[in-house]
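In what follows, chain A forms one complex with chain B and a second complex with chain C.
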Partner chain A sequence: MKPENPFVAVLALVAGLLFLSPVLYSIWMSFQTADAYYTGNIDFTFRNYEMAIGQYNFARYLVNSVIVSGLVTLIGLAVATCAAFAFARYTFAGSNLLFGAVVATLMIPSHITLIPNYLTLAKAGLLDTYAGLVLPAVSNGFAAFFLRQFIRGIPRALDEAAYMDGASPLKVLWRVIIPLSKPAILSMGLYIFISEWNNYIWPLVAIGREDLYTLQIGLARLYRVNPGEDIIDWPLVMAASTITILPVLVGFILVERHLIRGMMMGAVK
Partner chain B sequence: MLRRMTPYLFVLPLLGFIAVFTYIPIAQSMNLSLREWDFLSPTKPYVGFDNYRLLLDSREFWNALRVTAIFAIISVPLRLLLALFIANQLLRETLVSRLMRGALFFPSVTSTVAIGVVFSWVFSTDYGMMNALLSSFGLPKVAWLQEPHVALWVLIFVNTWKQLGYDIIIYIAGLQAIAPELYDAAAVDGGRKAHVFRRITVPLVMPTTYFLLMISVIEAFQVFTIVDVMTKGGPAGATDLLVNMLYRVGFNLFDIGVGSALAVLLFAFLITLAVVKSRVIGRKVHYEA
Partner chain C sequence: MSAITLKDIRKSYAGGPQILHGVSMDIQHGEFIVIVGPSGCGKSTLLRLLAGLDPCEQGELLIDGKRANDLPPQDRDIGMIFQNYALYPHMTVLENIAFGLELRKVPKVERLKRARSVAETLQLTSYLDRKPGALSGGQRQRVAMGRAMARDCSTFLMDEPLSNLDNALRVAMRTEIKDLHRQLGATIIYVTHDQTEALSLADRVAVMKDGHLQQFDTPDMIYDQPVNRFVAGFLGSPAMNFVPSDCIDDWGGARDIDVGFRPEALSLNRSPVSGPSIAARVVLTEMTGATFIVHCESEAGRLSAVVARGEELPHEGDKIWLSLDPSQVLCFDAISGVRLDLPVVHHSQMPKTHVKETA
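Take a look at the complex of A and B:
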């Protein structure tokens, strides 16, 4: 890395902090008492977090978000990887058509499925269940497409060597393809997890029971508890907002480069 | 026999989910858009194109279309211009430029609800950051989210703030694909910076621009979360974007017929755009090689 012009460096850092200042300030505010905030003083406290987690049930929402996003990611990756393997390695009757049907879902806006999916799940008795949140989110055309492109880059000789040793297709997928596709699967896993973590409109439609709220729904409801903005307890709301942002923020700092690389590769589709 | 079935077994789960939760629902939406129903009554009488007629005769629909169009027409070029300019400054692999990319990119992967809540505070009339800033310059307070002429601009601002980093990252990928020899040649010819930018950078990054243009227009027509959190479509319909209207008609008014008709219209429009996108990109994408 080349040394920086210190003037440019300082200027850039100030600009970056200014850009993120609303979020940074909201985190700061979440550690202030409401009195201190409204009177312009500084009084450090954890009470907003205690209230959000205890009284306002955000511990429960956090668990719900982790369960739902985790399940969507695991099932979504499993389903997408299997399909990607078949589309990358087999030519079969209708394979082009079926692959086309998968890729076409990338162009289909999700709102067209909103009302019908609500009706389908209502009929199946799955509204207000984890399954109702997870099942409609599982199929991910982009992940299938992306993984298929990646698997095509793995030399076929590796599969064939395994078949010679008497391996079944499932074993080849599990022992050869998946280990070699780890970076791509990791990128897609992150992408699916974050998208699902931030999903709002579907849980809004599919969940009415308070104990099944995800963080996004819980936060939106907490913010709307008191109509008329003067009586909003902003420090409390910001504590809840920080709880919602934090897991992604921490993950983001840990794997930023994977994530950005994934996005860049995605753009080349 | 089993051997021939193998690939089908592998694709079956994915295709099953796609069929049940994507393709069949599209047909269902089309069917429901021709019926009158309120979620509850046992019958769903067929009413032909009445729902579409109702929609096209309503002021609400044209307002939502107008608001959404303004949102798209302002926010898309704004995003692209800013992103291209900033990406061009962040091409070098230095620590500062990497930190900046991270800072700019973070909002695009974070929770839209949380961003909406944070900016509701930033733009709140009595305790918000913006009005505190205005006051410190001796300027009067603005009721950012209660003023019909202002609220839409606030949403455009917040949406731009959130999505900008994604555009920047994609532009950086596009800019880094431009052969450095071209810049060297321009430098030898003594090209000025602005000139090089206009004559080399902008035309050669065109495929990326087309890509971003199309996806951000499609995105703009699907904005919902930020509206629901910050304004609920108000004040007086000033921020009533199409998907917000769709949600209201379907899930607050329980008018499944009109809601589905709106969904189908929006779907047809976005699919047309998506097809145009793949055509255009298919044509332009070989530019750089």
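Take a look at the complex of A and C:
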């Protein structure tokens, strides 16, 4: 969409650059040597990326973050979609109470559940494992609530038409509800993925093994292991930060196209 | 054996009023049944019970002689066409038509062949790759029919399938549905609140009111021999006139009853006539095409009469005398509304008396 008013266009451009400037500055800084950065010179280099990926093991952290965030997103969406379908379409004994309980979880700060979760996983022997990182995050009350509201907006006649065509409830969910909820599921997936990608506290608590660190833990660790005594190697930190934000940025650009596409046209008159 | 039998079907939703009060029907194979009634009379609820979309807890529903109260929709061999079409918006026309076959695990080649053949019957071949959003109302309606037809069901349920179409398309689609019924030979149960659709399509019409089945008979019988005042008034356009017998001059029949007569059974006279008649004043004339409807105000209330084009038409405000053909008069109990089989008093047998002037 192009704004018709040139003034609005210029304003949008300036606002966009303003919001983007910290990102652009950190990317620019990540290609400078530490010496050049601290002396105010310009010295283009890939060394920071080489160091982050090689010496500081960011390739491994990236893989870990992709695995953990990917699994949390996939399993979380599957659980939330099934729950949302049940809450949107079925009335059973205690359904409202159960839905109320799901919504009530949104009011509990995550820090309160930190210690109980830690103790539960410690008892189950799941600390220092991928499962320990993934399992506490897969039940997402907000996603269930959001998707339930979306599914309630899909005409029930479509479910009924599918039942008449011979579908089972699971087939209705898979072949009718999920394709029609694609924009909502994608946006919720993006939300879960970014939340998990940026999750710092839980991996910090649940993981002690360096080979299971996620990017956020690796990034925090970088401040402690930089070569200077009192000086932080900012170009190196910025290179690691760029590695951290880039996949999310690419993911968002890919998904965003689907988010804005309406799926409901022509469903019913 | 009947295709579908309903025995004393009752329905109420939790916390709500009773919607169906003991409906019983016996529907034969290949019959075209139209369920008609005003909004809220329970006709769509009855259709949903037949489809299996709502549980049928009270009464007995038999499909091909077997109890089907607890049978899920997919096992009833019934196809349904919804009022709002309910096409899957993310699928193409071809996918919409073939979806039912896919769910029944019909091999891909066969299901596509059958879907294409149905699309050809319904003249949808040029739209197979389009999604429902890119179709007109009539085309969507055809896709909805194709989806049910592809499955080759023995019974089709249609819930006001033409109500979203404009008048011209509705008339055209009505003919197509009638043709399709002839071709397919399937049982069709069609719900509508449009009495023209009911009378023109049905082999038998079921008239419903407030969850009660009023009459279940052929269109002729429903029109000519309605069982009560509601059925008589609901079917026919313009609606039947009802007048207390006391308001008819020279009425020679039973007293203290309501007399019903269709607008086409009235003759307009410029001066008092012998035989049963009502004095009235013309308030409005409406042209409907082949005929005019003359609306009059009388001592008994608003009456309407039909005058063919070419006949002399009274002007608004004119005083006229509406004479009744006694052979086309129906008598109803003034309180219960039930039709009474009273002897018809012929015009020639009526004593000639002076016609009373209305105020």
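Here is the rule we use: the second predicted complex is superposed on the first by the 221 of 269 C-alpha atoms of A that agree within 3 Å, B and C clash if a C-alpha of one lies under 4 Å from a C-alpha of the other, contacts with A are read in each partner's own complex, and residues count from 1 in each chain.
As a convention for this text, a residue touches a chain if its C-beta (ideal position, glycine included) is under 8 Å from a C-beta of that chain, and two chains touch if they have at least 3 such contacts.
None of these values were measured; they are calculated from a predicted model.
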Comparing chain B and chain C in the superposed model, the one touching more of chain A is B
Worksheet item: Between chain B (first) and chain C (second), which does A:E256 come into contact with in this model arrangement: first, second, both, or neither?
Response: first
Key: Partner chain in contact with A:P179 - chain B first, chain C second, else both or neither   = second
Original post:
Counting only touches as set out at the top, which of chain B and chain C does A:N41 meet: first, second, both, neither?
Top reply: neither
* To do: May I ask you to decide whether A:I201 touches chain B, chain C, both, or neither, giving the answer as first, second, both or neither?
  => first
- Task: Kindly classify A:N96 by the partners it touches after superposition: chain B alone (first), chain C alone (second), both, or neither?
- Result: neither
A:G166 contacts which: chain B (first), chain C (second), both, neither?
second
Footprint intersection on chain A (chain B / chain C) at 263-264, 267-268
Interface with chain B, chain A side, in the complex: residues 1-2, 4, 8-9, 12-13, 15-17, 19-23, 25-26, 29, 37-38, 78-80, 82-83, 85-87, 89-90, 92, 95, 98, 101-102, 105, 107-120, 135-136, 138-139, 141, 144, 169, 173, 194, 197-198, 200-201, 204-205, 215-216, 219-220, 223, 229-230, 232, 234, 237-238, 241, 244-245, 248-249, 252, 256, 259-260, 263-264, 267-268
Within the complex, chain A is touched by chain C residues 51-53, 72-74, 78-80, 82, 84-90, 99-100, 103-104, 131-135, 137, 140, 147-148, 151, 164
The chain A residues in contact with chain C across the complex are 155, 157-158, 160-168, 171, 175-176, 179-180, 263-269
Counting only contacts in the complex, chain B reaches chain A at residues 4, 6-8, 10-11, 13-15, 17-18, 20-26, 28-29, 32, 92-97, 99-107, 109-122, 124-127, 129, 161, 166, 169-170, 172-174, 208, 211, 218, 221-222, 224-225, 228-229, 243, 246-247, 250-251, 256, 259-260, 263-264, 266-267, 270-271, 274-275, 278
